[in-house]
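Each structure below appears as structure tokens.
Look at the two complexes coming up: chain A is in both, with chain B in one and chain C in the other.
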Partner chain A sequence: MKKILCIVLSAVIAMSCAVLFAGCGGESAGEINVFNWGEYFADGSDGTVDVIARFEEETGIKVNVTTFETNEELYNLLSTSNSSYDVVFPSDYMVEKLISEKLVQKLDYSKIPNYNKVIKRFRNMPYDPKGEYSVPYSWNVTGLVYNKTMVKNIPDDWDGLWDESLKGQLLMFNNSRDAYAIAMQQCGITPDTFTKADIDKATEKLKAQKPLLKKYVMDQTFIEMENSQSAMAPYYAGDIYTMMTNNEDLVGVLPKSGSNLFVDSMCIPKSAQNVEGALKFINFMTDPEISAANMDYITYASPVEGAKELIDEDVAGSELVYPPDEYLDKCYTFRNVDEDVYSYMQEQFVKVMS
Partner chain B sequence: MRLRRPSIPYIIWMVVFTLVPIVLILFYALTDRSGSFSVEAFTKAVGYSDVFLRSIWIAFISTLICLVIAYPMGYIMSRQKRSVQNFLTMIIMIPMWMNFLLRIYAWVTLLQNRGPIDTMLSIFGIHTQLIGNQGAVILGMVYEYLPFMILPLYTVMSKIDTRLIEAAGDLGANKFGVMRKVVFPLSIPGIISGITMVFVPTASTFLVAQYLGGTNDIMIGDVIDKIFWSDHNTGSAIALILMVAILIFLVILNFFGDEEAIAA
Partner chain C sequence: MKKLSKLYTALIIFFMYMPIIVLVIFSFNDGKTTVWKGFTLKWYADLFRDSQIMSALWNTLLVAVLASAIATVIGTMAAIGINNFSGKKRLLLQNMSNISILSPDVVTGVSLMLMFTIAGVAFHFQMGFWTVLLAHITFCTPFVVLSVLPRIRHMDYSLYEAALDLGCNQWQAFRKVVVHELMPGIFTGFLMSFTYSLDDFVITYFTRGASFQTLSIQIYTMTHQRISPKINALSALMFVVIIVLMVIINVKDRKAEKRMGE
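Presenting the complex of A and B:
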């Protein structure tokens, strides 16, 4: 029933589009469509390398970049439409979901010689255990940032976000997966995967935290912290590094009980039109020099051997951008959870907020 | 047949961008994840009635404030010389040339702690939290949507024949009587389109609340956005309820308008 309706409706749209756009040219062989996070490639500003231009120059393949904001948006586009993306950049748990739903294809690693330079830790991650579908692009962890002029009890762990003395000055992730991960850690649950019962426990933690919060935010964390409007916030450690360069009062902390090690990877969807071009692109992005240029730009860490040494010394020397190996051993990486568990979490999160 | 042909592009447009999405939303709202018929989505949607009512309330208050500010403004504008009218229209339009988000950012900067307004108030010994509450959200809404109330009111009022107002005065109506018996009834179409243009977006937008509100100011638009990604069905059901609520509101509004216009 659902399928038939979808087919009928897409036929209607397709036919109308055909009428509107009749005569538009087809796709040439030398083109790839890349679907990435916003501002995730070095673009040549501030003396960095314009990596896309460099790739086009070297290979003659034209690159069309479109961007997305959440993994769920990426998933929706790949699962519901006949989009023809050649390279996509899902995060860890989304890679697993895309593999399990057969939306991405196995990679021919012989065409990605640079894969040998990928650091061992980041190969065969739990979300792609045999290392067949993905090549890591960047990684980082979540952390805490606080303003030293506003915080008396210096936090060393996530419980700082439940500090009563900072009532009305705390921020929290406006994103269910990240918010629940922190709350679950507070309940002693490792949040790589979880059940509905775990969600219920964490929901109580989040409810207890809500009266202390100023706001649930994502990107606004930058202005809130950089303008000293809020005292403490959780965020992605590489971004905390950026905030610290803009406000000297800010201090970044890697929570001692560990945090979320996230890896954004490159995959090729089943529906890709130009697999050869996509493989070339993935190989190019895994080159140490190119990876270094990208990571310099986004201040996350590179999974490629030799890239760290090419990155700006201050960035590469920061524990926030490159947490030490001992810290990474305490971290967890998100896994795919069942759809009904995931939407239950989303539902509970909205209930906490409303 | 000759008349019909030019309308084909519009029909295609309507089918693709209005009919198909509505059918899809309707379909999702009335099914469950597996695609079979179910009203589960609506029962889940009811769980968000608090947020729903709050959004409607904020939209209502914002619309009311807009109307109160815009009505005299529109009237004053419509009674000026042509050149002054054009100038005033321009003044009202200029902020709208700026990006919506930037205007909200500007308010964040103005209202934030140790921001200009806070600093000024603290000189007089007043220390309050200006941002992160419902008041700030309503302020933001009124600021963003006020032009949409002023412009239709002004347009309608500037079409009111000055001689009618003079005649009412000559026949013994005082200023209040002129407003009540002549200007107000003739401006009703402007009031209706103004309310429509302010109420509908304020009920569904969430950016203003995200930037100026606190933890208790989540709007229904935000809920739809969050829920839809993981649960198309409930997201669609909430969207559908919102659409129906707005539709009912508009029908009532128009009905009321017609009655008044006839009575006048």
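Presenting the complex of A and C:
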């Protein structure tokens, strides 16, 4: 028993030393630290490409992937800890916030030749108007999903979520920004930026909705809708497409008054230590074939020209994953709002929910 | 009455194990959801192909083994040291060790992050494997102290003196008598440290830095998309490994008891 323990321990220590020294050892290409959403790279399952392994093979750069769950989490770690991330994946409004607080650096686009393949619409977005700091990774819109066996008044807009006849069967975003965006649209406010007065109006709308709701959820929406336990829910349209493949009774709708076009982007923080490697990584992720592999995996849309054609035909043909241009013209993209307005919204949302 | 007590036991066991059984069943589900779509082993195959999960698993095990082994050594030494004090001093030391068990993980995590960040700026290092390991040793050590101390108190000190009288030098007497007597406590301390280190989320979250990720964080951040069934497969495997380990330990104990009986 003791001998076995000794052997196991010494083996572990020896192997860990080997791993650590291999990490800091001679490889000139070095390593980069990537900070991304969880489950956001194609990982080689179901015949997809393992994009990280491919990048390491092609460039010899070792990639350390760590993951976060919300933009705010990303912001906190970037602004407080002294860890040096080389590539981060903030969403639209967070890109703007990081730029305004000087936490990210200007990119050398000459080192990202694939940037030429980024569709025009997704360059110079309002959150990075001159296109100096970010390269888009994925985009999609919010939408509505309903169960056709349970819903009588077929919804074509967000007001479906205020349908009295579905009392107790409706779901709502458990995420202040998304929930308020829907409520503000109902009040005739465009929710890219807003004031406290706008929040108050939307709060009333949300309070009116609350008695009709079953609950406030995020990823639980998948379970609720796929098992036909709820009648209607707002969610991200690409995910709605996934739900529909798992339950034939589900129908996805792009609300006619427009919705939130969100873009997750790649940026390089000021504190990055391997900027060359980071630029190579961003360029690699913007390659049509790689972008197609990633988007196939997460079922959001690719901002890279030529990627859509490489994606599974059913996915690429879906209006939910790739809403048509005319629809996108009706959409808005979140902008950064002042800290105190943002926290006011969060406080109000907590009050609504409780 | 007897039936009632049986029913009660059955219910408790049902509620304890049902979630795990459900998880194991769905690790064989051909589909990413809670809708049953037929039997498959593909999640197990995908699991071993997924380099991110595998490296997170390796990191988790590495930290758990090293942290619990080091904490066991430090904790045992500390317990023996604390026992040698008497009166108020001992009480003080013992409570100082216990307080860090009682303080919330968030407090420990944030304070460690602050300390490592400040130290990192001063001495030019980044948070990563070493800071996570140090943090885990820090929160594991008090558990070892806690489980070894009562054993020492019940140990007969004259055994140690007898060993010296019979020709052992101090090191031999310590190793063969003291450590042998304390072994059950040391082992419990080791196991406790190991499990705490294995499933720690909060403290790792704050001290991990930019290049190091463990399994608990990997799984937590998956909920943005949705938790992959690969995790079900991984959890099922871990559960099976734990059961096998428990059985082996129990069988060994039984055998040892029998030998003692003879």
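In the analysis below, the second predicted complex is superposed on the first by the 325 of 354 C-alpha atoms of A that agree within 3 Å, B and C clash if a C-alpha of one lies under 4 Å from a C-alpha of the other, contacts with A are read in each partner's own complex, and residues count from 1 in each chain.
Please note the rule applied: a contact is a pair of C-beta atoms (placed from the backbone, for glycine too) under 8 Å apart; a residue touches a chain by one contact, two chains touch by 3 or more.
Treat the numbers as computed from the prediction; the structure is a model and nothing was measured.
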(request) Check whether A:334 is in contact with chain B, with chain C, with both or with neither, and answer first, second, both or neither. (result) neither
(message) Looking at A:93 after the superposition, I want to know if it touches chain B, chain C, both of them or none. Which is it: first, second, both, neither?
(response) neither
(message) Quick check on the superposed pair: does A:53 touch chain B, chain C, both, or neither? Answer first, second, both or neither.
(response) second
(message) Per the contact definition in the header, classify A:349: touching chain B only (first), chain C only (second), both, or neither.
(response) first
(request) Scan A:173 for contacts with chain B and chain C and give back first, second, both or neither. (result) neither
(request) Name the contact category of A:133: first (chain B only), second (chain C only), both, or neither. (result) neither
(request) Kindly classify A:115 by the partners it touches after superposition: chain B alone (first), chain C alone (second), both, or neither? (result) neither
(message) By the touch definition at the top of the document, which applies to A:215: first (chain B), second (chain C), both, or neither?
(response) first
(request) Determine, under the contact definition given at the top, whether A:223 touches first (chain B), second (chain C), both, or neither. (result) both
(request) Please identify the positions on chain A that touch both chain B and chain C, taking each partner from its own complex. (result) 1, 9, 12-13, 16, 19-20, 70, 223, 227
(request) Name, in rising order, each residue of chain B that touches chain A in their complex. (result) 12, 15-16, 20, 23-24, 27, 31, 33, 35-36, 44, 47-48, 50-51, 105, 108, 112-114, 129, 132, 210-211, 213-215, 218, 223, 226-227, 229-231, 234
(message) For the complex, give me every residue of chain A touching chain B.
(response) 1-3, 5, 9, 12-13, 16-17, 19-20, 70, 72-73, 76, 168, 176, 210, 213-216, 220, 223, 227-229, 339-340, 342-343, 345-347, 349-351, 353-354
(request) Please name which positions on chain C make contact with chain A in the complex. (result) 31-35, 42, 46, 49-52, 62, 65-66, 69, 113, 117, 120-121, 126-129, 208-213, 217-218, 220-228, 230, 252
(message) Touching residues of chain A toward chain C in the complex: what are they?
(response) 1, 8-9, 12-13, 16, 19-20, 31, 33, 35, 37-41, 43-46, 50, 52-53, 64-70, 80-86, 218-219, 222-223, 226-227, 239, 242, 246-247, 298
